[in-house]
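Letters A, B, C, D, E and F name the chains as they come in the text, with residue numbers starting at 1 for each one.
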């Protein structure tokens, strides 16, 4: 069960209102790398987790991320407070209010007009948060790797918010939130490596013919290799003819059809068959107009008639 | 530039048509862990990448994932071929065709009716693919971690498709695709650790007060600890009073308002203020009907009049 | 700040695993009327709220809804536990496992294959949760009305889940969750009517010419009237000629263009103008084939030539 | 059946083109609180409604909302007419045209470049309209409450558009549209209270143990109470120990597994178990680089070997 | 199988960085009319296609569109290179960096903060690409028509990007991409008309009573007719009474219910029936406050009591 | 302005309820090819259209499509009427009701549980309708082509619904709706060809070097050519070296950076540079466990130490 206490995890002190800055902050409120995504990622993993240690870890961090969502949302609320009052009360002359709404040079007009200055679960571009951002799949070695990656992304996103922010109180709170992502990443790393083995994920063994092969698919220019494709571990395949149909077959796709299926498909094929022999007059030919040059018309020229 | 050759990377041999199985396979075609997501993840990273080795690596693997998209899509096309013909030609009596469409027990009816049996960029539940699945953010240490996690998830998803599949040709092709995810994960791991240092991501240093702290947010039950929160590295904080307002402030959120802003907000507050002293009759009271017991009515009982 | 304690708000006792039932339950986990929507609705409102009483109310209920999300998610996790193990371990023969995945007659195949049996933030049809479900706009009289409506919808959705559920433990937990929605609705009703006046929302007065008018837009059949359009309050307008251009103008849309704008638009109009005088041969005429009857061809019949 | 007549419901007179203002107006065209959402909300309810009076009411208002969609869309079309011509005809020098497109300070660049200046079914931030905005669930007491709330939200959104608009013709048309939302709310209120009883929704009775309880979930600060949680109606629960496991159980989640299910799960657990006793070297340890301080490395320091 | 070679299909020479221009270009990268949509449209059609000529055509063009995606993405990457470095390195003073991020007057702040300056699969407004943009349905005469339309839209979108672009290298590359859309349209036109007949699509014949009828649904103003509704081909129906119930029935919807179904529905109807005879006091009446005029209150005035 | 009359455009006579069939029908209600998409496509085009004939045409057909939306929605409402009553009234024993909800073998469980049996604006798979389905871009030659394609797709989708439907009344109504799509396609074809010229769209001329070139991008197998790439019109390019860098340049992407930009980027490059010379131990190496074979470990084998 969740409980709430009225103090924030970190005190938020904003120097002045700024709806444009508020809007950038939404990236970590309702954006793909933001705190709701983090909280829900760990919370839903916790619910499906059987291992008692990991379950506890996931609940601890999910709960902290919810508390971070509250901190970043409070920053947004403070920064938009001025704009909120102006619009709700119609406190400015119309043209001035229009400039307030549109003047930030970013999408804060959505935040103001649609959401009334309240923190909305969108990213800084106004795109609503979606659970499609969450990539949990119910396997601990995968989900922990996903969590590690997610924490590193959140760290960088906070860094990108801190860099253009001058307000010292906002910077300080963002710095706290950023630091916690680093700490969480460390915990998830420990939890991943406490599973032995953790690579590769799952039970199905790979096909040994292909598990240490590297296909050099991008060619015709300088090759830049590194440990990811050179060294004794790797079989490096540049020969195009050895990159396709690697099973030794003909590289086609086939299916065995029942007799009725085959007959039905044959009817469909015949009905929709393409006749490669004619040069039909087309809609584009009609549409190109009488003055169009021959290259844009039917293969047999503009006088061709389909009825022939 | 991309080029195409007509052989698949792996030969696809399907034993018999099966629209229900086809539908499950869509998970790796247009699903969140599928091959389009993989290809686009690496391709867009490659475009923004400056480091020549990583750029080449990303283009190699992006191109291979596109080739995998073709393999899994060809499996889908083979498996739906029978259903496609039946529906297009109206080849069955109506009730029988209805059973064909609805009989698989999964969402293959969408694939058939809406997409005509062609492979569609949806997951197995019919949800259209969205770029919201891609979490690239333009920092190599983050993006490589995301790629590592993505490859591990794709590996498991293939495993979940192989387990319930009896068709030997489909199993074999899925096995190839699954194995390649393992190989790709190895490459991305090498590429990550070829950047030194790679942790933590970015430039901004963390706040040392909070970078090795673990907040025990979930309590009141058995605690299950592990290396993720115990050992000399960690400061473990269970005391609730030390979990909030960790900066030493009062845990509130505040903003300095200009005089006009403050006055405007005061007007807004007064206009929408909540009067805690009265027990108003509400819409629910009206709607509960004359026979409703007193507990569901206004605080002063059903005879209360708002006009008093 | 949020805290978590390890006991659920309501004990969950499930009699047997059932992935199909689990899938229906997702409606209240990641569905539009579900607990995440409720929690986020109230939490984001709380962040933007100035009135101390309403802010406290919103935080109380938001926190409880998060606790409900945990209860319903735990029900899902218990119900899918069997299917999760079978798929992860490949514990059944292939065809049998295929039947397990597809046998529920609903979308539980998505839950199993994509999410590995973990509770996912989707509705019962596999559609990911989106913040587009949340309709908060930052005005308390609107948001409270939205909350009242949301609670009534959640109540009914629980009722629809209880009716087809035979498992007594699941029924009991659902009954608790349903009851709480009723209690929350009562609270939000009280909070709405504690604002005086609360109707109409906002400050801008309506235009008195139109605020008590009812336009009878659907006609030509039996009229069924009621207090929503009859009685002394209403001006009931059935005369079609009085329903349009109600301002007394000509009902057109116009804009004053600058000279350059007008000239530019005139060029655009001329370039894309439609010539109503000819009966052009069209692509459909070409495509109908030589045997097509005249009614499907150009107005002047199949011998018409565009070049004339 | 729908019919159209060529006069608008309200004459639209725009003083001058303004693509930035046009873009704000989209909020009521293709935004979540806009006229398409309103029209579709009532129209789909009408189709499923059996009660003759309510069905008629819903069709009347749905039809009027479609007519409003036409009014607001015509305002958008007039306001963008200048920009549309300039871009289509390439009527300005490149840098000047670039400024036209980007100069509004809001998302009108999307409207111009992607939609060619035509009214698009997006909100002011360019987010496409989605039926996820509609919360109808097929129960009249819920749907009418949702409609009441929706009308109040639309009223406020119009108010927010009127406030920053100086153009008198646009203001007047917006005023008409805003007023009609108030009238519609009145009708829906009457229709709700014409159902007796209408609260609580549905048939399933609540559990009397919990229907008048208020859980004080947010604590540790000033409590601000009001009629929503005080008075004889309410049982107010602040004691944390009485907020969880309120059924009197242990607050856990459990399921009875079959023997095979239990054995399979046990195998899964063993395979993915977390070993809490070791302090493994992790990827973050490797990535922190040789100069990293000990606090960011493995619990036992950098010399720790996993193989021990 | 796909292969990649390191040269672009067209050389990209950008004169200077410009994040605002980069953002507009995203329209053809991850926008609805962009190159990913084109590539995936043709690629998925190719997989389901049986006709060897069309399959080859679709693969040729799909592969070229992927190569175009690389060209337009490379333009974006070059244009954002400056902004990317500034933000990642924190190379500017905070307020200056804030202006860099917000100064373009469009959504490039999303591209910078969220995506780190890398090309993201969004449109110019930051909306993530979705497969909902693709309208392929697995019938060649439909899909080719869809392709023809898509190519014409892509042509215009490039034109709209060229017009406001001053950079000669970008203009030149855009000109190449635009031209190729024209060439592709020609090919798809030829392929459509090589199927005979291709109109109407499919096998089911239309109902001859309605296949050449034109319903004049928009009336009461000047009628502007043309070949789309006049000439011997068309039956033009303006009489409103002949536009509805055109089958000669009563225009109602009905279903034959089983006895139990009928009885159940009757219970539902009775339970939720609307009583048209009373003028109930509503929530809006309560909320309008004591000073509200009678027109906004219950039909019987403010003293009406529901309990009567 | 829109008006409604109570008769449907076509009488709907359903023989018996069938929630599974209802669900398939949703494809034409809230699906991508359905009637809402059609109505909104033409309606929004009409609003932005200046040409009087086309504007009238678009309004006529938009209005008819709305009337079709009502017909197909009424079919859905009739087919779900039985299931709606059963669930709302709890009229069946629990297990039986569970079978009713899940027994159709398609997504009708969403329609029932979430939408209460009312017609919802989703496709047959439960995916909410989105304006992303609409591809109008404000150019008449493009939009008319899009409309032509859309009508052909709608025709086929109706055909796919008719084929598996046995109920004669439903078949008849679907036949009417299908026929009207054919008639609409004819009208849009006439309107397209009444613009002269209509191909290519827009004003910008193509680059003559590339407008009649066909790049044979898919090779290494049988080539199947046709009028789309052979004949005097086409320059057919199979030589791979002539397919890339077709401008004669080097096929690279470049941008001229300012000095400060270059310096900043150099710092970024140095900080995140990949060292190709080492064979680092990776997380996968750690995670493969002590028993892993050498091929899955670091290039220098398992004894390699990063600290060297």
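Observations
The rule we apply is simple: contacts are C-beta pairs under 8 Å (C-beta built on N, C-alpha and C of every residue); 3 or more make two chains touch, one makes a residue touch a chain.
Just so it is clear, the structure is predicted and the values come from calculations on it, not from any experiment.
Touching chain D and chain E at once are the following chains: A, B, C, F. Two copies of one chain, chain B and chain F, form a contact in which under half of the residue numbers belong to both partners.
Each chain gets one centre point, the mean of its Cα atoms, and the points for chain B and chain E are 23 Å apart.
Mean C-alpha position of chain A lies 19 Å from that of chain F. With centres set at the average Cα position, the gap from chain C to chain D is 8 Å. Under the contact definition stated at the top, the residues of chain F that touch 2 or more other chains are 1-9, 32-33, 53, 59-60, 63, 67, 74, 77, 84, 88-90, 104-105, 107, 114, 116, 125-128, 130, 132, 137, 139, 141, 148, 156-157, 159, 163, 185-186, 190-196, 199-200, 202-204, 211-212, 217-218, 220, 222, 224-227, 233, 240, 243-244, 251, 265, 268, 271, 274-276, 278-284, 286, 296, 299, 306. Here chain C touches chain D in the complex through residues 5-17, 32-33, 52-53, 55-57, 59-61, 63-64, 67, 74-75, 77-79, 81-82, 84-86, 88-89, 91, 130, 132-133, 135, 137, 139, 141-142, 145-146, 148-150, 152-153, 155-159, 162-163, 172, 175-176, 178-180, 182-183, 185-188, 190-191, 193-194, 199-204, 206-207, 209-218, 222-229, 233, 240, 243-247, 249-258, 260-261, 264-265, 267-268, 271, going by the rule given at the top. Partner chain E is touched in their complex by these residues of chain A: 20-21, 24, 27, 31-33, 104-107, 123-127, 156-157, 159-161, 163-166, 217-222, 240, 243-244, 251, 265, 268-269, 271-276, 278-285, 296, 299, 306. Those residues of chain B that touch chain E in the complex are listed here as 1-9, 30, 36, 40, 43-45, 47-48, 59-60, 62-63, 66-67, 69-70, 73-74, 76-77, 80, 84, 88-90, 114-122, 128-132, 134, 136-139, 202-204, 280-283, 286, 290, 302, 306-307.
Across the interface of their complex, chain C is touched by residues 1-7, 50-51, 53-54, 87-88, 90, 94-95, 97-98, 100-105, 107, 109-110, 112-114, 116, 125-128, 139-141, 148, 185-186, 189-196, 203 of chain F. Residues 141, 192-193, 195-200, 211-212, 220, 224-227, 230-233, 244, 274-276, 278-280, 283-284, 286-289, 291-292, 294-300 of chain B are the ones that touch chain D when the two sit in their complex.
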